[in-house]
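Got a structure here, written out as structure tokens. Questions coming.
Chain lettering (A, B, C and D) follows the sequence in which the chains are written, and residue indices restart at 1 in each chain.
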Amino acid sequence: MKRDISARFTRSLRNNLVLVGIIALIVVTAIIEPKFISSANLTNVMRQLWPLPFIALGMTFVIIGGFIDLSVVGMISLSGVVAASLINPLGQVGAILSGILLGGMMGYLNGFVLTTVGAMIQAEVLFITFGMSSIYTAIALLLTNAETLRIARSTKPYNIFTALGSGTVGMIPVVLIVFLVILVIMHLFYKKTLAGRSISLMGGNKEAAFLTGYNVKRSMRLVYTISGIMSGMGAVSLVSRVTTATATSGIGYETNAILCVVVGGTSLKGGKGSVIRTMLGVLLVVLLGNCMNLLGLSTFMQTVMRGAVLVIAIWLDNRREL
Amino acid sequence: MGENILVVKDVCKYFPGVTALDNVSIEVPRGIVYGIVGENGAGKSTLMKILSGVYEKDGGTVVFNGETIEHTTPIQALQRGLSIIYQEFNLVNSMTVGENIFLGRFKENRGMRGTHKKARELLDSIGSTINTYTMVGDLSASEMQMVEITKALSFDSKLIIMDEPSSSLTSEELKRLGIIINQLRDKGISIIYISHKLDEIFEYCDIVTILRDGRVIDTKPVGEYTRNEMIAKMVGRTIENEFPPRAHFVAEPLLEVRNLNTKKLKDINFTLHRGEILGLVGLVGAGRTEIIRALYGADKARGHKIFLRGKPVNIRNPKQAMRAGMGLVPEDRKHEGLILPFSVEGNITMASLEALTKYGIVNRAAERDIAKRQIDSLSIKTPTQTTKMISLSGGNQQKCIVGRWLEIEPDILILDEPTRGIDVGAKYEIYLLMNKIVESGGAIIMISSELPEVLNMSNRVLTICEGRITGEFKPEESSAEEIMERAIG
Amino acid sequence: MKKLMVLLLTMVLVLGIVACTSTPAEAPAGDKQAPAGEEQGGTDADADKPADKDGEVKVAFITQSLSNASQAYAWTQFQKYADDYGFTVTVFEEDYDAQNGVAAIGTCIAQGYTAICINPTDPSAMIPSFMEAQEAGIIVGMYSSEVPEGNEKYRDFMCGTDDYMAGEVAAQTLMEEFPDGVKVVQVGGQSGHSAQIKRNDGFVDTIKDTNITLLDSKDCGAWASEDAMAIMEDFIVAYGDEIQAVYCHWDVGATGCIEALKNAGMDDVYVIGVDGCSVGYDQVIEGTQALSIGQSFSQMTQDAFDNITKIMKGEDFDEVVWTKLDIVTKDTVNDFPYPEW
Amino acid sequence: MNIKIASQRVWGTISKQGAVLAILVLMIMMLFFKTNFYTAYNWLDMLRSAAILEIVAFGVTVAVICGGCDLSVGGTLSFGGIAAILLINIGFPIWLAIIIAVLGGAFVGFINGFLVVHQKTEPFIITLGMGMLLKGVCQVLTDAHPLPSKVPAFMEISNSKFFASIPSLVVYMVILFAAFHYLMRYTSFGRNCYAIGGNYEVAEYSGIKVIPTKWAAFIISGATAALAGVLLASRMNTGSSVYGDNTGMLVNCGVVIGGTSFAGGVGGIRESFIGLFVIQILINCMSMLGLDSYYQKLFEGILIVTIIGLDCFFRMRKRESV
């Protein structure tokens, strides 16, 4: 009986390693640098968190489906640039919606290209999405001719836009509320709906899903469309927070998103995974970054840390039995 | 002892739930062609894999060339002079002939030029004109076989084991193989010739052993066998209570397939009646799986017509097949049937999720009931509904897949090798299940390489050979030998 | 079959390239050098304008990236003054990667350019290419940037504002504004960039042993206001109300700092920015930014073109030309023309 | 090797490879434009600027033929350059600094090999993570400042000219091309790599020491990338963490465009050389025509998506043709 309890404890420990990581990190940093748990820093963390959760959410679905999406870089840049430049003609609400819609369209285009070409294995998907990313970034560069678009320059009112980014209701940032709503919707979509389940079945075993009547190509397009929509939302939240949009604002988000998903516990092999665990991954990654900032480590040390954590997380994920 | 190149004594091999080899003993003298005959699953390839070091034996002794061998790796076996030519050749298609022959041993020939020169000599020694610089991928099946034989010669093997060598050869190429076999025999090299095709056995082999269910039935010089006696011993398993009584519920025609043609299949036409079990019999690679995959929409076949209850129906992909009331238990369980990291429940309810969804939402409670019902009705031995599929035995895994399809009550259930690698107990339960399906008005198309299973379960049997339907039999009225004859073609 | 598909692909690729070169370049940042056929700018008739062997004086403007607003404006000045000097101008971008600069110089040599005005991400990485360009007889001019000491012989002339002076001016205005001392934080430009290093050194050297205390200083990953905003937010968390002044290396970055200060509800902070671009002017007028140190790129371009013409005519020219800085504050803002960038 | 076989193989590679056709068409196109495309200087300059990527591609090809891939070469490239310059600036003799830098690259390859070969992890994402980690290390080493070399002799290595006109980098490239071509075609190590990539089980059963050989392939890939980094640093007279930014993706795409497929066992050094040269000639043509870098990025993306897309399309068609 005793051995059984310890076995269950270690298994549960191993499952939510992330939670333990977060708690340990908070405790250690709070001791070393008391300012860490000051309200100012926490709201600061809340603010600097975006748009990573959106992108990580989209990436989770792609990885659960057994694929990968490197085109988030291009999608974020282009959606952000288009959203910022459309404030004048369409007004701010139109701009926000068009940014998200454009993200979705780009995601669908990715899915469409991948399915018509019949890309199945990780290598093909990786390079084609990388190619799509440089196409989207190039279009963004051409549109803005690499200049920084400032929301402030638009004639129409843009208060909702900035409110979305840095406004707060009481202590909680507006964008966090919006995100939590979307998170719940997507979690229910994944767990409860048929489309959500078919994504995880596709990730588990493509051939078995195909033979049991699931349209694997449609699920693949769906997964990339979700990633596109989330990139659109992430771009809008980034632009609203920073009040500027550039054609290179998406750089670095694809590796960070993969890091959050893998650290969260979703396996790169596909099939199993959860959106909530990825959010814990996001929290851990951002807290790690923030704590290193406060400890005075240079931003470059953070890149080293992120790279190391990603490599170790993938290595452990691969060793974990099925 | 001198004149026996290989002595195998009481070798056993057990896989979970299946006894692959049961005290097998054979003695192969030098310089003769030793035939081994048996159905699929009789243990032939397991024995070969033990000799070549791919599997470890669980008991008994192996003496090769006077030296008892405890455990060996493939390369050690090769160096000792025992080489194997598998049915699907073990060659690297993207490399040249010379490189394939001396794979891993380029240093001995001091680089590539030496390798190609030596390869040329060996190829000439068996009268083959293949150029050593051509890519193996561009060769024909018989040329590939020449390369494999030359590779064996390059190790100056004393014993060459050929597994189903004639399966992809034309009759003319087969004659050339015969000449080479005789040449090798004259050089004192002994050959183990594994095959289904009895006329080759009679033509080339000197001594023949018959294997069945992992046991040696008989070993005699080939002259002392008659053809029927050999087939009877291959097939004639005393049918105690191994199969339930055949079900007799054949009713009106349900499914009709007209002129199904693909690269491999030549004008396939057959009908399936309600309440009938239709068996497809044939050698490995005859095209049985291709037929059902084309029927089920898994492969993109064109130009064939399918009639369901008389009305033409369009089946382009598995989803449409399921809508038409069909279900498929695939041949390769691990890659095409199961999702190993998922729970038993997830795997069972996979096919019926769509039926459980209202407004896009899957009814979780109903899903759990389904899984519970199937686990009980099929008595699947699993600790809980959420244990991972990987921890279940082969038999239970197969039951999960069958349960997955039973849940949507298909009119037509296609079973591809339903009982491969499953213990006898679980087999019997699956047979009962099949009868229950047929009893309740469904129809079954069954593919199996175990002849007794097909003959005892099916109401009607079609023999398939090289992509053609070569015969139609009623198992009660015809003998196993007759059917086997047509299947070998 | 595969060969056919591949042929199709390459034809599409070729058509794509041909299409975008021949369309009259309407891209907002001014037109690019069209291929030979279409002459650009004034006719080449007047004899006294020195011309290259095929009658065309080609000048290349190589810059870190046009996404840096000051460089985009400089490029517009190049095009504006090109006609007066009879030059044909082309822009090459490095995208903050010195390798592209080297490739650009390679193309200039291959295409037989007359002169190169370059504002490189990393001047020391350009030295081998400068040597090669000079061997090919191309005039090499540094534009608002300088080669490391001891390598002056590898470039013909240098004209630009002295970033070091910009740092000094920022420190001096702080001293005048706060005679009895002030606590200031510095938000640096893209770390490692020559402008960032000099604007930092100029500021730090001038405020040494004065009553101005530098609370903290941090550089950005790139000239992006988002980075400046994140650093400012960290400063606010670390130092809170102690911050009385902010010295930001570029006006667009100052926007990020102002945004962060506004979110933290600190509005009486003395903000200094450099560039004097439209963003800086707007913020000075709004009062959110106290001072913008402007560099006049139009003057700088004319100095460069003068030097090139003198060198081509063989007249003597002064190697280093400092363009003066504009001090733009609330009260002096209307003395200067409103910048277009 | 008799003539018939040789000609058959040469025609085989040309027809199989879109890359060669792409080069021919681009060259034909440039005939119509009055640019100095067809001058000796331009071709030598093109070869020189392609040299660095080609050398990296040689190393990557060895890894890809073994059935793996190496996306961390970007990080290794800048790491090699920075390490060499750091050592030289503190007084190490140049040849010793270069050897240590190349050993550093080999060590990175060793870690990659351990993770991918010994631990059997999927190579794509983990080498991507390793590349990110290395970029962080480079940034920490140079604090993201460009690191000028204090010893002028170091600059001579890459900028000197042989026989007064041929740049030294081109000569190094040709030497390494010959060496790698010999290694992969005529040595047993090379042929074993093809065997491992072509059919892992058969290679193992034929007595090839599979794990050490594939591990060595990754070490070679890392060492070659570091060597290329040293040559680049000498060419630029500085080391910088920016140099390797999307080298990893570009080189691996170039290798596939050339015809060396990720399935392993196919292609070779010659194919990769042509693949990388397609990308270089595309860039050169576009800069000759005065296209700005946004169009270059656009066409790079299109090139990658179409050629890899075509590769997948034909493999899918073969897979599904019944």
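Couple of notes before you dig in:
In the analysis below, contacts are C-beta pairs under 8 Å (C-beta built on N, C-alpha and C of every residue); 3 or more make two chains touch, one makes a residue touch a chain.
Model, not experiment: these values are computed from the prediction.
Shared contact partners of chain B and chain D, listed by label: A. Taking the mean of C-alpha positions as each chain's centre, the chain lying farthest from the centre of chain D is B. Spacing of chain A relative to chain D, judged by their CA centroids, is 31 angstrom.
With centres set at the average Cα position, the gap from chain B to chain C is 72 Å.
Between the Cα centres of chain A and chain C there is a gap of 34 Å. Of all residues in chain D, those that touch two or more other chains are 143-144, 293, 295, 302-303, 310, 313, 320. Those residues of chain A in touch with two or more other chains are numbered 142, 145-146, 299. Looking at chain B, one finds that none of its residues touch two or more other chains.
Contact between chains, as defined at the top, is found for A-B, A-C, A-D, B-D, C-D. On the side of chain B, the complex with chain D involves touching residues 54, 74-75, 78-79, 90-95, 99, 103-107, 111-112, 131, 133-134, 262-264, 290, 294, 299-301. Chain A meets chain B in the complex at residues 192-195, 197-198, 201, 204-205, 207-215, 267, 269, 271-272, 322.
Contact residues on chain D toward chain C in their complex (touch as defined above): 15-16, 18, 21-22, 25-26, 29, 33-36, 39, 41-42, 45, 48-49, 142-146, 148, 155, 158-159, 232, 235-238, 240, 242-243, 245, 282-293, 295, 299, 302-303, 306-307, 310, 313-314.
Listed in rising order, the residues of chain C touching chain A in the complex are 27-29, 65-67, 69, 72, 93, 221-222, 224-226, 229-230, 233-234, 236-238, 240, 252, 255-256, 259, 263, 279, 282. Those residues of chain D that touch chain B in the complex are listed here as 1-2, 5, 185-188, 191-192, 194-195, 197-199, 201-208, 265-266, 320-322.
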